[in-house]
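To keep things simple, chains are lettered A, B, C and D as they appear, and every chain counts its residues starting from 1.
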Amino acid sequence: MEPKDKKDWRFSLHEIIYESNTRAGKAFDVGLLIAIFTSIIVVMLDSVEHIHRQYGTLFNRIEWVFCALFTIEYILRLVSIRRPVKYVFSLLGIIDLIALLPSYLSIFFIGAQSLLVFRALRLLRVFRIFKLGHFLTEINFLTQALKDSIRKISIFLLTVLTLTIILGSIMYLVEKRENGFSNIPESIYWAIVTITTVGYGDISPVTPMGKFVASIVMLTGYAIIAVPTGIITHDLALAARKKKHKYESCPNCGKEGHDSDALFCKYCGSSLYK
Amino acid sequence: MEPKDKKDWRFSLHEIIYESNTRAGKAFDVGLLIAIFTSIIVVMLDSVEHIHRQYGTLFNRIEWVFCALFTIEYILRLVSIRRPVKYVFSLLGIIDLIALLPSYLSIFFIGAQSLLVFRALRLLRVFRIFKLGHFLTEINFLTQALKDSIRKISIFLLTVLTLTIILGSIMYLVEKRENGFSNIPESIYWAIVTITTVGYGDISPVTPMGKFVASIVMLTGYAIIAVPTGIITHDLALAARKKKHKYESCPNCGKEGHDSDALFCKYCGSSLYK
Amino acid sequence: MEPKDKKDWRFSLHEIIYESNTRAGKAFDVGLLIAIFTSIIVVMLDSVEHIHRQYGTLFNRIEWVFCALFTIEYILRLVSIRRPVKYVFSLLGIIDLIALLPSYLSIFFIGAQSLLVFRALRLLRVFRIFKLGHFLTEINFLTQALKDSIRKISIFLLTVLTLTIILGSIMYLVEKRENGFSNIPESIYWAIVTITTVGYGDISPVTPMGKFVASIVMLTGYAIIAVPTGIITHDLALAARKKKHKYESCPNCGKEGHDSDALFCKYCGSSLYK
Amino acid sequence: MEPKDKKDWRFSLHEIIYESNTRAGKAFDVGLLIAIFTSIIVVMLDSVEHIHRQYGTLFNRIEWVFCALFTIEYILRLVSIRRPVKYVFSLLGIIDLIALLPSYLSIFFIGAQSLLVFRALRLLRVFRIFKLGHFLTEINFLTQALKDSIRKISIFLLTVLTLTIILGSIMYLVEKRENGFSNIPESIYWAIVTITTVGYGDISPVTPMGKFVASIVMLTGYAIIAVPTGIITHDLALAARKKKHKYESCPNCGKEGHDSDALFCKYCGSSLYK
């Protein structure tokens, strides 16, 4: 995005709305975050019955003000970008639209206003504040490590899911219906509650045999929680090493991209530490 | 397994059923997984009372279709392998048989159908899908690390079990029968629920002394959960290093199997990094 | 702080009260800790109704003795330091004052005595005992690692908070008011209870859809708990390396501050290990 | 312990009872473990009321048989060792005595038999089985790492305890007595239940303010659980490195004890890897 005429109002608007390098851009980002946060607080308070009864009308008006503001913001976003379609179908674009719709839907459908809670999704924009501070390196670092871990974590979660299906099914056989394990999906829900060590206690084993099986489930959960931790710790260490050596170049040939434990340049063979 | 006549139908069948390199093999694996998954969903839904009352007869028919399919699959597996006995007594073979039996048993014994939940064990075949994708390296890596950890984790679990027996017994003395700690096995169950931080709350200490002992149990559990994590993290790091150096050979003598921190070949003494 | 006349009583007092190198200083620190601990035990016991009814008057008297002691201590702290204002507005100074006020406030306002629980904040002085023992290195090491982690942990906690707001809002829509999710803040509280794997069970999903969403929340919490652990483990390792190389100087040029994996001096290029 | 006459019966007895290198020694260890385990199972089952009513008399007789056996074992231990006093006052000696006493006390005091649960402490002998297998290296390794961590873990637990006292006291002020937080020790118990993520739910916040404070407690617990894990992982890595370099000697001067990352001997300066 490098327009020739930098005075172009569209470009300036883009700089303010989409970027945060300029003063106006930072102010816009901070202001937007405050607006999002306030509007969510209003939706939250409005959901509390005794507050709703007292301030319901006020909240309704505030809601429409925010709705207007966010609509204007959405239009400005469409106007100031070169390819509006790309924004509309981007993750943030879809979220912005979802956050707007309930207000308008509530005109036609009674109860649609309760969908306003989806405005909470706009909180994801909170991560833009990191662009404002010095958190960028840390967030990049974490994102890198999580990206590296994603496959291993998926395998782990699939294993846990398979385990909960098997253990939940066995528990359905062991405990009878009258003890809360009324069907297999319910038993699988119990197995997830147990293996993740959440343990609500809404369903808990009653028979000695059930308690025995539950003990095994718990100890399994206790032992395997270590696996994702190990994976992420490991990948953080790798990400750290990568970061470190990213810009280190060979003193002889100047090429980059050496392994973290490399002592000699992998291109010309001369020592990296000379 | 290298038959001379590659056109042999048995070999082709083997390739399809047991391997997943060919197109047909992949299709078979994916199809089988879908069949297993669907059949488990049916068993699950059938266990929900109000769904069973409505669709019970339909589910019963679907069940028999799956039973027929899996029986054919089992027979094909027996036919297409050189040593059927080896398959029958392998882990997957036993699971496949266990998953089949309940349907046939239900003809003779009423209620045997509830054993169909053991079909969930067949879900373990889900890990075959990793053969289809690029997950193989990751799963090998994780398996290696877990294998290395198994002894240390066993020691850890034995320690935790001993602790729960001792702490559960003490709790049985401290809290009286009327507070839910009605016997020692029950108290040990409570200790496991507590030390693993599951905390159902179906049994919880009532007396001040009991709460004091429980606090110690909780803090112990909180502190020692770190141990398996530490172990696995450590062994992941070791497995990563092993992987890295597995196929690295000495540039001088060509021998492999050097330690991860080796700078010089342990066989001929020349630098590994020259 | 190096006064010319070392016999100065103010200086001696300072040494006793603020430092713990001398015998008297150590004795003062230990005595103070015992006094704080005893006074907190008294406040605790006094809060238990049946003990209060029996020993209430005795506890009241002990309270006033401790109040007098801590007032004297506070005055001595003010007197023996050069810049009393600096102490008054330091963290420990504010805590010391907060711990004193309730006793005096209770003369004018009935019930102010219950604020005595803030005396528990003085327990933070317990960390001074580490100055007495050989724990100093360990505590410095841990503090260093935590300082390094603070940014990453903040990002993590912000992510978790955003997640709980979004997931709690969705849950408010899925489960109805009659199932305990009576408003959005309540649902967010539930999401925090669940994602941190605490799981009281005071609010728990009732509908199948709610249980499904809850399962996702739990598995998410189970998988992401690994992140802070990974971060801290990683930063502990970094802190350990920093500590190690802090005072290591180049044998050739004598300069310090080399990286943990440096083999050659980054200033003069000569080997650090020669 | 090197007696001149190896045929000495006392020495043979010592070899059998205290060591496990010989065949007889291994058999004795395994036999003892089975006896301990069986006697504990009997005590456990005897605590279950309906089993006690049926088999109480039988269990009582079995109890006395085990009591006789363990008494003989205790006497043999005293006889076969050179300094019996040392054994009597060793940890295992005290446990062995504690495990014996309840049976004899039950003759004089009714109810003393319930102290038999302390026999569970003898289960600690289970760790002797590691001497029989190949677990010795692993257990040494883990013990080393835990020893290194003990100071850091103590600091951590002290911090957590201080936190729970402060947070519990605040919660006592925020929530009223009628909500379960009936006194400060009770509130501290709640804080421990919450910060360790056990979460029984026997006491849980009721007021919005209380739920807010509880959320902070939970997120704190969620974030700081990472600390002990980090510590142990780190110390496991250190222990691993120590182990590795323990017996590695300099090829030039033959001296041992080099750091894990040493490339050159710290005594003579020649390369450790030549």
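Everything that follows uses one rule, which is that a contact is a pair of C-beta atoms (placed from the backbone, for glycine too) under 8 Å apart; a residue touches a chain by one contact, two chains touch by 3 or more.
Keep in mind that what you see is a predicted model, and the values were worked out from it rather than measured.
Under half of the residue numbers found at the subunit B and subunit D interface occur in both copies, marking it as a different-residue contact.
When each chain is reduced to the average of its Cα atoms, A sits farthest from subunit D. Looking across A-D, B-C or C-D, the pair that copies the A-C interface, with over half of its contact pairs the same by residue number, is C-D. Here the CA centre of subunit A is 29 Å from the CA centre of subunit B. The centroid of the Cα atoms in subunit A and the matching centroid in subunit D are 41 Å apart.
For subunit D, the set of residues touching two or more other chains reads 156, 185, 197-201, 225, 229-231, 233-234, 237, 263.
For subunit B in complex with subunit A, the residues that touch the partner chain are 40, 43-44, 47-49, 114-115, 117-118, 120-121, 123-124, 126-127, 130, 135, 138-139, 141-142, 145-146, 153, 156-157, 160-161, 185-186, 189, 192-193, 195-202, 225, 228-237, 240, 261, 263, 273-274.
The touching residues of subunit D, counted against subunit C in their complex, run 151-152, 155-156, 158-159, 162, 165-166, 169-170, 172-173, 182-185, 188, 194, 197-201, 204, 208, 211-212, 214-215, 218-219, 221-223, 225-227, 229-231, 233-234, 237-238, 261-264, 269. Contact residues on subunit C toward subunit B in their complex (touch as defined above): 197-201, 229, 233.
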